[in-house]
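Lettered A, B, C and D in written order, each chain numbered from 1.
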Amino acid sequence: MTTTALTPHPLVAGGARARSLVRVGEHFVGAGTFSLVAGPCAVETPEQLAAACEAAVAAGATMLRGDLYKHRTSPYSFQGLGSGGVAMVAEQRARFGLPWVAEVLDVQHLDVVADVVDVLRVGARNMQNFELLRACGQTGKPVMIKRGMSATVEEWLLAAEYVAHAGSLDIILCERGIRTFEPSTRNTLDLSAVVVAQERSHLPVIVDPSHGTGARSLVAPMALAAIAAGADGIMVDVHARPETALCDGPQALLPDEVGTLGARLRELAVWCGRQVEPTDLPDEELEPT
Amino acid sequence: MTTTALTPHPLVAGGARARSLVRVGEHFVGAGTFSLVAGPCAVETPEQLAAACEAAVAAGATMLRGDLYKHRTSPYSFQGLGSGGVAMVAEQRARFGLPWVAEVLDVQHLDVVADVVDVLRVGARNMQNFELLRACGQTGKPVMIKRGMSATVEEWLLAAEYVAHAGSLDIILCERGIRTFEPSTRNTLDLSAVVVAQERSHLPVIVDPSHGTGARSLVAPMALAAIAAGADGIMVDVHARPETALCDGPQALLPDEVGTLGARLRELAVWCGRQVEPTDLPDEELEPT
Amino acid sequence: MTTTALTPHPLVAGGARARSLVRVGEHFVGAGTFSLVAGPCAVETPEQLAAACEAAVAAGATMLRGDLYKHRTSPYSFQGLGSGGVAMVAEQRARFGLPWVAEVLDVQHLDVVADVVDVLRVGARNMQNFELLRACGQTGKPVMIKRGMSATVEEWLLAAEYVAHAGSLDIILCERGIRTFEPSTRNTLDLSAVVVAQERSHLPVIVDPSHGTGARSLVAPMALAAIAAGADGIMVDVHARPETALCDGPQALLPDEVGTLGARLRELAVWCGRQVEPTDLPDEELEPT
Amino acid sequence: MTTTALTPHPLVAGGARARSLVRVGEHFVGAGTFSLVAGPCAVETPEQLAAACEAAVAAGATMLRGDLYKHRTSPYSFQGLGSGGVAMVAEQRARFGLPWVAEVLDVQHLDVVADVVDVLRVGARNMQNFELLRACGQTGKPVMIKRGMSATVEEWLLAAEYVAHAGSLDIILCERGIRTFEPSTRNTLDLSAVVVAQERSHLPVIVDPSHGTGARSLVAPMALAAIAAGADGIMVDVHARPETALCDGPQALLPDEVGTLGARLRELAVWCGRQVEPTDLPDEELEPT
């Protein structure tokens, strides 16, 4: 295909090709759909995880999140429960029957999370950890790739190409803000990059306004903005008691906040022409060929 | 007021104070309203200006734009018609009875445009041209201040404070993208800055997705995103034959595109709870006191 | 000339053309020379100005600085003495017989400073205030153009082209740091831009490590680095009592510090092959034609 | 210690503590010394490697470089010879008796390079690959940490703290340019960060002007600038036929260029008070305790 041949990332390139749908459990992520990934930033305790998941599900989450491994700037910060949290995740995942999204920091984590994580997330700091991308691409599970904090859209798509090249096209991109001079937000959420990534690739693109702004009051406005811009879904942090969170409390939504936001997002997604109810398998699955 | 005393920009500070409405002719810009400023980037010819204004009005514009003076990076680029374009602006302004928004680059331009321009715009490159801000603030006309391409939100509000300090609180902020490392867009439109500016000041904030992205295909998605995020209005470039434009053709919407976008924006603004029809004077004007 | 024709800024373009020397009083700024501009950030009092100038001269300054108009982010900050400081400048300029460098913020300032300022400086925030650049270029005085805080080298050279186009090639570029995400310095001094600007234009380029770093302890290392990289000179802030300075005290060198630095810089400049003693007029002045 | 207690990175914190010397073979890197790391970007062929090493040694290199694993943005770019290049490295390392510096991308590479690499380099894209940092810190070999392309100095020091926390204080920091809006250089080399990192930690800091600028003509000026600013050493790419290089040819110095630069750097380092001849072990090794 001509378009493909001219791009530096032929496997994920867009153009005439139909935009892809990535199947996650019974759900699809991508063109014409709406995904809401919600849950705590990190798995902390059974109670904390349960409360956050209840709020997420009540808000209409299509996937749950909650990390076992945290990528922390300081070695003295909470690093996640690791294998110690697997049983807690397994419990909530079974309880609600929803797919689980969680970060892997290292190839060795792939085995630990194999039974409980449905979507492997590669974090912003690892966007160019190509060994990790390759290993994720070989698992057969969908891979979510967060944009690096100073990565161009082209570099982001090339990171996806590493996964594709390793064997999997079940890739979801996630915009989470870039680093600029502006100090009033933790990062600068770059929504035009969502549109550009959708133009230049066939991959679904979702947005994380929690990490993208770092501030609770900005999460809902930016989540709505992301859907209006055409994002295929939203991922948000939820915590019932954010003041006690071991990680990123100031950006976590409270249960009632995520409930209100979920309803608004679904309404807006319908207005934007998306199929919002959990989809059954389409007659013929769209996939890049 | 406590909030005011603690801010470095007491006259424009937000907090407990009601968000202000800026009156422009028969219209109001600010909380609860929706503004659409549309027209060509620059005034070129009577025919070009007429065609763009017709499209803008058909799209539901509440104000028209079209600059007489252009701020060009190169001295060899088209610099605008200057006083030679005043009659053309006067004609279209009278024809449609809508307020006109145009940039002033220098104190001397204030006299030239006095009879035809209703909102004085200070461009991104002049955001910290404090002599110009002061002079605009003394005219009694509303002043629109574009965010500098590497200005923090605090610096933007301090630029507004210069205008306020010079005597006028009729100030409209306009986000138009910041400079980052990302090359796929001309600038990176920073929508979270809109929300932050609204939290930290009582001023209306609109968004210019044309200059903010530099690419026609991104204008509509980012305009919708801006309204969903809470922006008080949108400003877009329109040109009937953008391939012949003397300035910024690649970002100008075609007449039918702006028509479609205008309708979508109004629908979305209604969904967001804004009063979209041209407002009559409210019984009691909200203003910061 | 081919090189010239291909550049967007033909009058200031480099290439085969000899790099220019800008005459300022009895001194020359440019290729093969070494300039040290020193003095207070702002003119405050006769005593403050005298003490700073004494230290600057003792340190080997070839030009003195001290601004009458300050470009302040806040309207509530000290804005400079304006015309009230002209007599103080005149006194020190006469006392030491050295050229004076000072910022002009507005076309109207050109008359006020006409008798006491030898080099008109256009600040970073005004780098694209093209009306001001044109007016400066028409005065016949040398013009120093600071790089805008988010200006590319090409935009900086185009700002110089505005001055050249207005009639003057006596232009000195000044790098003063760009805006990045790094919070440990006020700006990020971009020394590779000095080399690039010298490759792409025939203009002298000096460096301001005081504003470029914002921190006293970084001024000397970065000044030395700038000369080693090939900068044609250095501009530094000096204040005898920086803790009382009305503007930018934390970055001002103390008298003994500037003395030590001046001696080191001259030694390094000699090692770099520069003619460091105040030059007499060369037999035949190099100038771009 | 008070200083330590107040910093977020107590093991690498500076302050009253003496700056550390890192022993690499017979050489020391750190305060009062001068290091020159030179060689090809990547190991390609025996002939290419030999020619580059000869030039590096003739230029006075104190360590050699040449990577077996390359961190490439695209999966279709040359990824390095991997284990296939080990014998070539072993040959040149034995031939010249100098320590070898090379990048490791993954924990698995540590075994492959164990016998031939003396300093493990963690690349900019892996600066926050904390698993890799920990694993390197446990090897007992010196670890060189490149600054991430959008990492603050504090984040860079925290990456070093991960290595220190894993057991090793033999850490060398390497500034290699940050990502900004400026397109004329591949990155913006941030020399003030070198000084800040030396103030805030006891670690040696070297500079890579090859990757930091991406342009051959900028390497020598920026290398000299780095030493003048106080950097403890320089790392440069060398290639005898850069037009045929499989990686980063445009930034590689030619043999005669690196020879000239090496001599200039040593002269400048002496002028800066550094001990330039290969040092014997000092009577009493300075080390943080």
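For this structure, a couple of remarks:
Keep this in mind: a residue touches a chain if its C-beta (ideal position, glycine included) is under 8 Å from a C-beta of that chain, and two chains touch if they have at least 3 such contacts.
Only a predicted model underlies this, so the values are computations on that prediction, with no experimental measurement involved.
Both subunit B and subunit D are touched by A, C. Look at the CA centroids: the one farthest from the centroid of subunit B belongs to D. Centroids of subunit A and subunit B (each the mean of its C-alpha atoms) stand 34 Å apart.
The set of subunit D residues touching two or more other chains comprises 150, 179-181, 183. On the subunit A side of its complex with subunit D, the touching residues are 8-9, 71-76, 105-108, 125-126, 128-131, 149-150, 155, 158, 161-162, 165, 179.
For subunit A in complex with subunit B, the touching residues are 150, 152-154, 178, 180-185, 188-193, 195-196, 199, 212-213, 217-218, 221-222, 224-230, 267-268, 271.
Across the interface of their complex, subunit D is touched by residues 179-181, 183 of subunit B.
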